[in-house]
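Several structures are given next for inspection.
One chain, chain A, links the two complexes that follow: it is found with chain B in the first and with chain C in the second.
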Partner chain A sequence: MEKALFIIFAVIAVASALNILLQRNPMYSALSLIGTLVSLSALYIMLRAQFIAAIQIVVYAGAIMVLFVFVIMLLNAPREQSNVDKQKWLRALAIPFAGLLLAEASYVVWRVPARAMPPLDSSSSGVGTTYSVGTKLFTEYLLPFEVTSVLILMAIVGAMVLARRQDD
Partner chain B sequence: MIPLSWYLGLSALLFTIGAVGVFIKRNAITIFLCIELMLNAVNLTFVSLSSYFGDMGGQLFVFIVMTVAAAEAAVGLAIIISIFRNRESLNVDDADAMKL
Partner chain C sequence: MTNLLAWVIQISVILFVLLTSVAYLTLLERKVMSLIQLRIGPNRVGWWGLLQPAADGLKMIFKEDIVPLAASKLLYIAAPAVMLVPALMTLVVIPYGSQVTLFGRTIPLHVTQINVGVLYVLGLTSVGVYGIVLAGWSSNNKYSLMGGLRASAQMISYELALGLSIVGVVLWVGSLDLVEIVNAQKGWGGFKWNILRAPLGFFIFFIAALAETNRIPFDLPEAEAELVGGYHTEYSSMKFVMFQMGEYLNLITSASIATTLFFGGWLGPGVERFPLLSLVYFVGKVFILILLSMWIRFTLPRFRYDQLMRFGWEVLLPLAIVNIALTATVILLLH
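This part shows the complex of A and B:
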């Protein structure tokens, strides 16, 4: 049952990811990425990471992708031009590099001990809940959390400076 | 139960698709979407190893990676808007002012 669910969501994730590459219109690519994000969120729930699954939907598929779609519509989604003659060799180089990367990754994964995930109702069932995430975040990982807020502040200022019109 | 290697293999496959997209796409926004895909592949590795070892550190790191992705999207899309305003094009081959 669980393996069937994993295979269903993995196939959806990989198919949506491939669809990002196949589409020429960036709007359809963005919508395909939302499909990948939602199926990854389902996999997070299977991994007992409920809080991460929720913020994957709310922050990623909600906020970040809305920003992408907004910018694509603001720039009127120009279709990708097919003048790839300049960089044809780069495109031909992508396939062997992808094969090499995948071969390296599968070599590493091959050496992972073939043990299964701990069962869902084990003693550590409180791993992914909001309570445990919040407790860890505001005690042990307080400094990274505060640094993150500074990063967000700098991103806000940087985005406003960069996207402002030059003539004012 | 699902072996750990399935999750790691899926993550490697998604990362490779994102890397190929950065190579073969010419539209700046699509390249950005492929970078987000690679970040998500790494997030899947973090969450699966966190669940495997029963340690919360991986999930908190995913939280931070999501924040970095949000900041990167905001700044990167602002850069794309200003490039589009200057050059009337989203093709990355047109933004070659630093080319030798």
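This part shows the complex of A and C:
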């Protein structure tokens, strides 16, 4: 049962990820990205990470992608222009970067030991609950957490400054 | 296997009750409207107009279903379903009663209990906007597009306040599980309801929920005075009905969540001895909240767009943050 669900959602995730690249219309690409995000969330649930799964939907599928779609609608972007082809050197860069990504992914798959999954019913004591994520974040990983929040604050302020400058 | 069967039966019953109440909410809304406007309202079809929803439904089925030539077909057809499905899914986690014993089996009156219930609800609310956005975009009509644009901007703005207003309740209860949240409000003869512990939170939640369900004074996405019909301008026949159903379902959902979070859910006097009474309490509380939002709808004028945005970001959001800080301080002092 669980294996079947994994295969279904994994196939949807990969297929919509491919569709993002293949679609010419930015709106369809954005919708495919939502498909990928939602099926990834389903995969998180199967990994007993309910909190991450819910946050994935709330933040990515619900907020960030609505913003994407909003911008696409606001600009009512015409079908993709072909100015990508002018930058040939980018294309050459793509291959080593893809190789690097693949190497990283296979390193992770290779090195991280396989662990037995706790049964789905005992999820309340598991690692992926809100309680355990919260406790870890505010005790063991407090410094990285706070540093990240400062980083995001800097990004927000930076975006504000850049957007405001055009008024003068 | 019997568990699965019980599940399927429970879900079917809920679905039936929900869709029927959606049909009758349209009648109720028109009756309440005419009461407020000193009119009589629909009274021709059946006694007190009680068959009006059936007549409306039949009429809509026989209307021609039009797909505009310039529309992007797939999304245009999918949009009403995208609107309806999240609205129906939310009700799965809401406890609508304590538990009843039927045929020697104890059945808890909620479909499922998940420990991130509040987040699940918030996630579905935020995904629910896609139906409106896609309808607006795929119709290829400038009014629809404006409606879709407004919907997405409005949803993003009020979702933040909505989410933050619930944090107060979560702090008091210490759980994201809706069943737990109801159980935590038990006792003290109703004085443990979260509305008394987090009144500001309820105020913010109610306003933000009105905005999320696109009801007057927040119905900018379909403001008929400026946008013809907004995002559903091009829709006709049953697709149009599906949007209407989605809106009323969202109304029921938000009222049920408000009941669960702030008004003790199904709790009330005598629930321990007569478990079926819990259903009555739950439906009654939801009904009162729905009446309240209808009252607001027919009393207040619509916001202007810039007022809407300013209110969301400059009033509601700071208020929600202050509410969290206040609640956290009070809890810290009490312990």
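The rule we apply is simple: the second predicted complex is superposed on the first by the 121 of 168 C-alpha atoms of A that agree within 3 Å, B and C clash if a C-alpha of one lies under 4 Å from a C-alpha of the other, contacts with A are read in each partner's own complex, and residues count from 1 in each chain.
Going forward, contacts are C-beta pairs under 8 Å (C-beta built on N, C-alpha and C of every residue); 3 or more make two chains touch, one makes a residue touch a chain.
Only a predicted model underlies this, so the values are computations on that prediction, with no experimental measurement involved.
Asker: When the two structures are overlaid on chain A, which partner does A:I34 contact: first (chain B), second (chain C), both, or neither?
Answerer: Touch partner of A:I34: chain C, not chain B.
Asker: Who does A:S106 touch here: chain B (first), chain C (second), both, or neither?
Answerer: A:S106 contacts chain B only, not chain C.
Asker: Taking the superposition as given, does A:I156 touch the first partner, chain B, the second, chain C, both, or neither?
Answerer: first
Asker: May I ask you to decide whether A:I55 touches chain B, chain C, both, or neither, giving the answer as first, second, both or neither?
Answerer: both
Asker: Given the touch rule stated above, what does A:S132 touch, chain B (first), chain C (second), both, or neither?
Answerer: Touch partner of A:S132: chain B, not chain C.
Asker: Going by the touch definition up top, name the partner, chain B or chain C, that contacts more of chain A.
Answerer: Chain A has more residues touched by B than by the other partner.
Asker: Please work out whether A:V66 is in contact with chain B alone, chain C alone, both, or neither, and reply first, second, both or neither.
Answerer: So A:V66 only meets chain C here.
Asker: Once the two structures are fitted together, what part of chain A is touched by chain B and by chain C alike?
Answerer: Chain A residues touching both partners: 51, 55, 63, 67, 74, 124.
Asker: For chain A, which residues are in contact with chain B within the complex?
Answerer: 2-3, 6, 10, 13-14, 17-18, 20-21, 26, 29-30, 33, 36-37, 40, 43-44, 46-49, 51-52, 55-56, 59-60, 63-64, 67-68, 71-72, 74-75, 78, 80-81, 83-84, 86-87, 90-91, 93-95, 97-98, 101-102, 105-106, 108-110, 112, 114-119, 122, 124, 127-128, 132-133, 136-137, 141, 144-145, 148, 151-152, 154-156, 158-160, 162-163, 165
Asker: Which bits of chain A are touching chain C when the two form their complex?
Answerer: My answer: residues 27, 31, 34, 50-51, 53-55, 57-58, 61-63, 66-67, 69-70, 73-74, 76, 123-124, 129-130.
Asker: Using the touch rule from the top, collect the residues of chain B that touch chain A in their complex.
Answerer: 1-10, 12-21, 23-27, 29-30, 32-34, 36-37, 40, 43-44, 47-48, 50-52, 54-57, 59-60, 62-64, 66-75, 77-82, 84-85, 89-91, 93
Asker: What does chain C use to touch chain A in their complex?
Answerer: 75, 114-116, 119-120, 122-127, 129-130, 133-134, 136-137, 145, 148-149, 152-153, 155-156, 159, 163, 176
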